[in-house]
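Multiple structures follow.
First subunit A sits with subunit B, and in the next complex the same chain sits with subunit C.
The block that comes next holds the complex of A and B.
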């Protein structure tokens, strides 16, 4: 098992190489570079050329790529061209915001999805199941960003004012509050973005859980247990539910990856200072050192998510062994 | 003892005659009779699409929907006396909405069709032949899926020289074909070892003909159902990207660019007519498509059917 995990990790490395390579080639084929838009139009051309030369922008892409990779291995992520600071500092400032938002969003996802999925499966083809189906249809019809607009309209200071808009913590609480108050203020600020990010992921989990439970309810071993006289409560809790949770558990890795990449849209619309928004700002300013590291980071996250899913699957379901 | 000749028995003959399997459209129709949401979705969707595609050419021919008018800025429906008022550039919302919806539909339809075309070809080949070819193809698909697709789409659109419709469609397709390939491949893999395929192989039919004549007809219902649902997702994606300014330029109105108005708090708070119609239209279209897609999915999977 440990060998397989190690092997899968090793396979990931060439895959990540390919991804950075694709990003680099794309960036080099596109017009404009970090100096576009930053320059004073009155600046003489030879000065601009000198700046390009100094930043290594005149090198062919493969030389830039080799330099970049070599730097990465030495722990040097490069310099952000807009912030004029090391990339790891720029990203480090914001990564925790995104991290907490993602965790909060995941918590909400499962808090909504698990009960609804179990109920829809247990009482399938009843009014309750239909009500949950309507929830799924509504969630499917709301693109993340549209949901964001609706939530802002209803619950931010524009509407009822139940939740604040923008930022991560209120300034007054931060200066004079207890750690607990600061924590609560953070949650309060993250609530709307977290719900927005969570809703999409709930659909798949509810669907999966319901389908599994319905499927297991009709299976032979459940009929057998019932004919032996096992109480319904035990049948459901021990035989149906446990087995139905296997795919849901193994899905967690993918949901984690999906939630974190999904924050790109969410952060933008809620003006939330995380790495998703950093990515959008950086790409607009062609700050490729930051963009490249962020793309690599998200690709890595996706790969780890997939691996995590496989590992969890082997733990919860002994019949399956990954090769 | 009486002998019953089954072939002469009228009742039985009837069964034999009707043994021809019902077509997908027939099944879909049967399914809709039991599904009010699906029926309502189909009717509303047909009305919306028909009116958009009939009205949009007429509007673009008779007036310039993009015509800005600084005197008429931000007029509410009541003030301006028009159906939905004007936006912050003085353009009338109602005709703009029709053209925007048509553009969104066109783009989403093109993206979905293209990514399914790629997915169908690659997926069927991969699933039918299996083995090493399948392994190789799926390795490529897996690596490609690891790319943070949303970020790549945004990056490519931002960096593109000019934002044209074909480029936008190309970028969206480039990062959505993998899911379609997986879907088709999984279905093809299931069919690959079934008796009807083996029978054809035994008879010496060429692989290309088996794929086209035997296998594809059996994949059609799954593909159609997923096509419809993916169409809804594509509309959502286009809306999200355009809304954030990573879609087409201002000269191409789409549902997403119209929703941009909602990003400004003053519009969100005081000028509902600048964004609410577009938002309602997006949600209605996606809801209806999903209702229809849901019915189609049940057609594709006999276990789930209501009838």
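The block that comes next holds the complex of A and C.
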């Protein structure tokens, strides 16, 4: 098992290489660079050209790439062109915001999806099941952006004002509150973005759980268990639910990856200072040193999510061994 | 009611089982009367779709009752099982009546080791402690002919072959020495050599334990080998019922005769011609009036059938649901 995991990590390295390569090629094809639009229009052309030369922007992409990779291996992530500070600093300031937002969003996802999936499956073909189906269709029909805007209009200071908009913690609480108050203030600030990010993820989980439960309920081994005289409530927990949770459990890794990459949109909608918004800002400002590292990070996260799924599957399902 | 020498173990009276399809209930079992005697192997034969499984599952009410209706009487120990609460029925399921299903590959929970799945029956019907249960499970595995019970006990179902799994399922069924075992095509999913082994095992265990077995099959060869009595089922009804001997010697219903004609070792040219073509209509399209078999014997003029076929006694213990059972003739080529 440990060997397998190690091997899977090693396989990741060439995968990540390919991703960074593709990213560099794409970036080199984009119009404009870090200096476009940032400079004083009165600055003499030869000065700008000198700056380009100094920043290495005039090198062909493959040379830039080689330099970048070489730097990465030496722990040098590069300099943000907009912030004029090391990339790791710029990202480090925001990554925890995204991390907590992601965790919160995941928690909400499963808090909504698990009970709904179980109920829909347990009471399939009843009114309750149909009500849950309506929830699913509404969630499906509502893109993240639209949901985010709706929530902002309803609950942010624009609407009822129940939840703050922008920022991660209120300044007053931060300066004078107890750690618990600070924590609650953070949750308060993250609530709307977290819900927005969670809604899409719940759909797949509910669907999967419901379908599995319905399928298992009609399975031969459930009939056999019933024919043994096992009470229904025991059968539901031991034979139906447990078996139906396997695909859900093994899907967690993917949902994690999906949630974190999904924060890009959520952070943009809610003006939330995390790495998702940093990513979009950096793209529009052509701050490629930051973009590159973030792409690498998101790719790594996705790969780890897939691996995590496989690991969970081998733990919970005796039929599966990862290779 | 006539006095019987021996009291039936279980009696089905006018049993009806219907399934909800698109909001309407359709009968898959339509007025079945049966008595299973102690210590007998009672076979139910019929093509796929004739309602054998629907009948089998109704006995201990294993259907999903959200879209199944069962009516009539299932008398066991002077109680109508259909009127028992789930709780009371659970005392009977597994202890008195147990089941063996068709597909050994799907009959066991893939996430639970074989041993505990056998013990699960003991949990709900005995006061055995952990070691006693394990002992009993190992004993059962041994009894069903598994050579390394300790290994099998610890195995997950996917680690066993189909034959081994069916043996394990039989061990589950026999755990509490039930008085009735309902085996729904227990060998259909297995290859031929395994079929014989599993049937031999079933028969040996039945003799040893003196239980009754309802053996559902569409293989008349199996019936000839094992059964004391046979019911032939078609479209939810029992169209002929007799002792196994009688049925093979003197089949009366055209459907029975057709089934007999289609078994491989019926070697005469004539017999082969007598296999009646067609299949059982699906539930929704079953004819609900007149003889349900008439559409497969179109060469018999309508005037020769009863509007509503009733049972005719051919000889004591041999009844047939066909008006013209004495005059019936096969289509001539």
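Annotations
Note that the second predicted complex is superposed on the first by the 323 of 323 C-alpha atoms of A that agree within 3 Å, B and C clash if a C-alpha of one lies under 4 Å from a C-alpha of the other, contacts with A are read in each partner's own complex, and residues count from 1 in each chain.
Assume contacts are C-beta pairs under 8 Å (C-beta built on N, C-alpha and C of every residue); 3 or more make two chains touch, one makes a residue touch a chain.
Predicted model, so just to flag it, every value in this text is computed and none were measured.
Within the superposed three-chain model, A:264 lies in touch with subunit B and out of touch with subunit C [touch as defined at top].
Once the two complexes are overlaid on the shared chain, A:15 sits against subunit B while remaining clear of subunit C. Using the contact criterion defined above for the overlaid structures, shared-chain residue A:27 touches subunit B, although it does not reach subunit C.
In the overlay built on the shared chain, the residue A:219 is in contact with subunit C alone; subunit B does not reach it. Between subunit B and subunit C, more residues of subunit A are touched by B. In the superposition on chain A, A:48 makes contact with neither subunit B nor subunit C. Touch criterion not met for A:131: it reaches neither subunit B nor subunit C. By the touch criterion stated above, A:144 is placed in contact with subunit B alone, subunit C being left untouched.
For subunit B in complex with subunit A, the touching residues are 37, 142-143, 145-148, 150-152, 154-156, 158-161, 232, 235-237, 239-240, 243-244, 246, 259, 262-263, 265, 268-269, 275, 279, 282-284, 286-287, 290-291, 294. Against subunit B, the residues of subunit A that register as touching in their complex are 15-16, 18-19, 22-23, 26-27, 30-32, 137-138, 140-146, 149-150, 152-153, 158, 261-262, 264-265, 268-269, 279-280, 283-284, 286, 291, 294-295, 298-299, 302-303, 306. Contact residues on subunit A toward subunit C in their complex (touch as defined above): 125, 217-221, 223-232, 239, 242-243, 246, 317-319. The residues of subunit C lying in touch with subunit A in their complex are 57, 60, 62, 64, 66-67, 86-87, 90-95, 97-99, 101-103, 106-111, 120-121, 123-125, 156, 158, 169, 172-173, 175.
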